[in-house]
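In the two complexes below, chain A is the common chain; its partner is chain B in one and chain C in the other.
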Partner chain A sequence: MIGRRWYTPWLFLAPSLVLLTVFMWWPVVNTAALSFTDTHTLRGGGFTGLDNFRRIAGDDFFWNALGNTALFTVIVTPALVVLPLLIAILVSAKLKGMTFFRVVFFSPVVASMVVAALIWGWMLRSDGLVNFVLDRLGVINEPLRWLSDPALVMISVSIVTIWKGLGYYMVIYIAGLQNIPQDLYEAAALDGAGPIRRLWSITLPLMRPTMVLVGTLVTLNAVKVFTEAFVLTGGGPNRASETLVLYIYQRGFSGLELGYSSAMSLVLFVVVLGLTLLSQIVTRRRANP
Partner chain B sequence: MIRTRRGPVAALVALTVVLAACGTAGEVEEPDAEPDTDATSDEPTEEVDEEAEAEPAALSGEITFTTLQLSPDFDAYIEGVIASFESEHPEATIDWVDVPFEGAQERLLADASAGTLADVINLNPDLSFPLAVEGQFVDLDEAGAEVRGDYVEGAWDSFRYPGIDGAFGYPWYLSTEVTMYNAALLEEAGLDPDDAPETFEALFETARTVAENTDARGMHPALENRFVIDLVKLGVEITNDDATEATFNTPEAVELVEELRSLYEDGAISPDSVTEGHRQEIEAYQAGNIALFPTGPNFLNIIEENAPDIAADTRVAPQITGPAGVTGMSVMGLLVPESTDNPDLAHAFAQYMTNGENQLAFAEQVLIFPSIVDALEDPMFTDPDEGDADFAEAISVAAEQLPDAANLRPVVVDEEVNNAIISNVQSAILGDLTAEEALDAATAEVDDILQRRAS
Partner chain C sequence: MTTLAPETVPDASRPGGAAILDAGRRARRRRLLGTLGRYALLLFVLVISVGPFLWQISTSLKGPGENIFAFPPEFIPSDPTLGNYVAVMRSLPLVNYLTNSGYVALLVVAGNCLFGAMAGYALARMRFRGREPLFAAMIATLVIPFEVIMISVFLVARDLSLINTLTGAALPITVTVLSIFIMRQAFVSLHPELEEAGRVDGTNEWQLFWHIALPSARGSLAVVAIFSFMTAWDDFLWPLIVLRDPEKFTLTVGLVFLDGQFSADQRLIAAGTIIAIIPVLILFIALQKQFFRGVGEGAVKG
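Right, the complex of A and B next:
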């Protein structure tokens, strides 16, 4: 018989603890420490106190990147809270062939983001599919510069994220929808409530916790957006689609300013932490009205 | 970075095996006859030679050799050269590692900060710049003094960096831009397909005429690759000598940006191309969407493979030059880091890999050019008659311009500096800034980067 020893649970935890420490906690601590230095990738560096943070305050490119990231978050979050819910409701209908549509909507999730961004890059070209369709529909007179017009480029990046995220959040919503007791709908139907009324008075109120969860996940991911912008536009034209993580990456890897980019990462960390706390507060309030 | 010419590969495998078997044969001087390259510099060269001949088997130990994206296309060639080197020096072992071009810079920097750089590293001048200015590479003006004269001068000088003395790379394979053009499109536009543009003015005029008279655009600006180089061809200095200040904000630069703006307005370049790079330029040329395509001759292989119709209409003319009269080339080199613990073997191997014979064998496989002066005079380049006319034309045009060519992209223009310049230029071409505003902003950004680096 195997005895109960104090270290048995630790043995089970050890693999993930080791991985988390090596690839997560140690880098986090290291990044925090580097933020107070002027470390250069090759030259090393020394302690500089709050210099990096003062520099961030006066760095126009940082504020530009933060602004782009905020814009992206504001576009993507409502879209990815509402659209997947609508799709989830549609594909939950008890009709033939719905599994097919679930698979179709979910498939972009499986694709690599790089591939998705490349394909959208082709479709969004001025002579690409999107402009062709819009032109045929008579919506536009001349091709839109999706990838080179500073006013449009963040929208293009958002489109890729939304398209790719739909399926993932749809699955979360489908799970939430299955938790709604069917007798509520039956009772409402007996009382003469139509489909819209049932959606508004039963589905939406009961889905609210799921929507808050999805909203939180979307926001946190949106703040960290990188791949879409990197592949689709490289941050251009002239930094119009440069997101915070992209800017941190460029300062760190082509500018070799490890200390400064660590400081910006720390700021990003604080932003993410703040948003997480905020969502916790919101969730708690919803849960205990 | 280069693609293989598929046809003769099999023949070449055979060739490399032959080379491996009779390693030292051939007219080209064998640099590895001088293994003691790290000898103190004040020693007379003759003495080094004698010493070397006296004990040619002195090389021993194990070194690591990294290349940039040559595997798997050139496995047989590289392994063949390594095998013949090892058979001449039975005590020596070369470990070969190939690094993909994507992410090469990140990997190099990570290796450098971890102290695990290879002993012989294949880099181009701008990839090696950040490490070189930190004094991480061996100065070959001293360590490679005996072989320096064998290499094309402009190639040797490509590995010099502002603010430090010395040259830091054994030039390896070279390429040089030629102007490919779609003769059918030129004809359709009412132009003489035999009269290819050779100056910037002619290039821009041809691009306009093509755009006006055909469905295609004239050209692709590929700013990321070409803008800075074009400025240099126009006689603009990008920075001052010690690379502390940007100096590219000149009337010539304003004129070039305005010209690009007007090409955009005239439809001679497409809106998307303003923010695109060389990859999309190839795609556009292969699709017949642009008529003019300045690029390395090795891209003929790719066009022939992907778009045989376009390849059939393609002709080749010399590189576009400006009033400065200089021709550009791109250079790959082999660098030896100061951190190597076996410098003798590292230098001997780098010299062996880049010697004339081995580079000629490399050039048999793919459209690249050797960096050895004598090798460039091989009939393979001076009188390329076999195969199809396009290739022959591209080879002789390129080989002719190489001996006087130079690496025009200043090493200080790495990704960060290049982005700072072209991102503003993009805005000017798209009409969001004037040319002056864009160049002012670019100058301020580059100054800021250079000052941060100097501090």
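Right, the complex of A and C next:
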């Protein structure tokens, strides 16, 4: 080939390879290595074997953070698998104004998570808009302490995530819905199947692969939740909304315990990897029954 | 929806026609109710997705004399003013934050488009030893979230004296595997004849890439540009780690910093969040198609 040496591809790849090596591949290796040390920002550290992992096992704050993250995941995943699908079905109707609704429903997605959390932090105050609306609807008698009641804070954090995520997953579902052949619905309608029946027997079974995909994306994002909790509550009150990444961040950058927080990062990675493999298995099984 | 052809319209004067007409009317009424129900649900979702923005705008327009904690709340400001926007731009370092975010976003968009396209081109159109393992190594790291490696990325940034610099805030996302992947997909499906035609003329590999391949992958390039802009503009955790000095804060870190201050005035914070949304909102309204396409390609990552 003309003007082509063996190193030509490598010249094209060079900038990316340098950046990926410095900011991704090396940090991956280093995170694993640091996990077995007691490295501290100020005084360095040495090899300590499995000490960090033993410490994690007995660290109540770690288990608290893991529990909060699990609770968040359990709230957010079903909500973001089901609600965006229903919205996608709504905006897929052949009625006037559907493009408008799609664009508007997507708008929370383009706001940054920080902005979303600030907006909701303002609305979820005890004297805020949410309590007012719930009060007027007769749902509550006295204001809920959304941001300071330990039983409620993870729900508040979830609300931000769900609100911002609805439009994003709606778009993925719309793409899936477009692949369902229209004549299936027509045939079912001729057989006298009502809208609910058609949803149940046609839409849901055919959308199952998309639902698995969305469920995977939501779950993988949920276990690394940070910004919502950091902005809304800072992890409070009394660690009631401290998530795993928030705890790792605090140990690493406030506590300066780089070795210990790397070990917890490794645990987080194992969780992510486990969930990824799980979703692969579910996807495969769905593909070849 | 099917429409009745004129000749099948039931005639009430004929025997049995009345019953058919009645059934038709009932079906039409049911359809109408269904349509109204759909619109009611759509409006409900509309209120939920836009309401918070509107409330934020309302707060940002309230004058200093208005009680923003009033119960019941005032939805329409009684004394509307743009004063909060002026104040937040003038007295608070918001302009500074905007400039910083703009600079970071520019670096990130340029890096992802150029380097991502170059790497994607090499992976898609060139044969060389180690191509497959390299691509596999890239794809494999897609499963590693930034949150897992942030401690070590911080150490790298410290060793390279990037702490408290905007370049440091940009570099870790200046090229992402996702961008390389999207560009590779675009070049793989490129028409080989285009390339052959270029080769005949004796152009070198760079000219081929720059003048022939890149222009025909404009759609994917737009997706990469939008995605990396959003990533940079919205990034919070990494800038929070790497930036120390309030002078250097990007918009997201700066807004949270302002919000956390004791004397924070919610009217100003609200104005600040609205200002933060505007650039992205304009971009989104102008480029809806690419945004929606980007969601599709981003989902491949999962």
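Basically, the second predicted complex is superposed on the first by the 271 of 289 C-alpha atoms of A that agree within 3 Å, B and C clash if a C-alpha of one lies under 4 Å from a C-alpha of the other, contacts with A are read in each partner's own complex, and residues count from 1 in each chain.
Convention: a residue touches a chain if its C-beta (ideal position, glycine included) is under 8 Å from a C-beta of that chain, and two chains touch if they have at least 3 such contacts.
Predicted model only: the values in this text are computed from it and were never measured.
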item	value
Which of chain B and chain C A:Thr77 touches, first, second, both or neither	neither
Which of chain B and chain C A:Asp127 touches, first, second, both or neither	both
Chain B versus chain C as contact partner of A:Gly236, first or second or both or neither	first
Partner chain(s) touched by A:Phe253 [first = chain B, second = chain C, both, neither]	both
Partner chain in contact with A:Thr31 - chain B first, chain C second, else both or neither	second
When both partners are placed on the shared chain, which of chain B and chain C touches more of chain A	C
First (chain B), second (chain C), both or neither touched by A:Leu268	second
Chain B versus chain C as contact partner of A:Val114, first or second or both or neither	second
First (chain B), second (chain C), both or neither touched by A:Arg43	first
Overlap of the chain B and chain C footprints on chain A, listed as residue numbers	127, 253
Residue ranges of chain B touching chain A (in the complex, touch as defined)	105-106, 109, 112-113, 130-131, 134, 136, 270-272, 274-275, 414-416, 419, 423-424, 426-427, 430, 432-433, 449, 452
Chain A contact footprint on chain C (complex, rising order)	1, 34-35, 38-39, 41-42, 45-46, 48-50, 52-53, 55-56, 59, 69, 71-73, 111, 114-116, 118-119, 121-123, 126, 128, 131, 134, 137-138, 141, 143-145, 147-156, 160, 171-172, 174-175, 177, 180, 199, 202-205, 209, 230, 233-234, 236-237, 240-241, 251-252, 255-256, 259, 266, 269-270, 273, 276-277, 280-281, 283-285, 288, 291-292, 295-296, 299, 302
Touch list for chain A against partner chain C, complex	1-4, 6, 8-10, 12-13, 15-17, 19-20, 22-28, 30-31, 34, 87, 90-91, 93-95, 97, 101, 103-108, 110-115, 118-123, 127, 129, 132, 136, 163, 166-168, 171-172, 175, 195, 213, 216-217, 220, 224, 226-227, 230-231, 245, 248-249, 252-253, 258, 261-262, 265-266, 268-269, 272-273, 276, 279
Chain A to chain B touching residues, read off their complex	41-43, 125-127, 143, 145, 147-150, 233-239, 250, 253-257
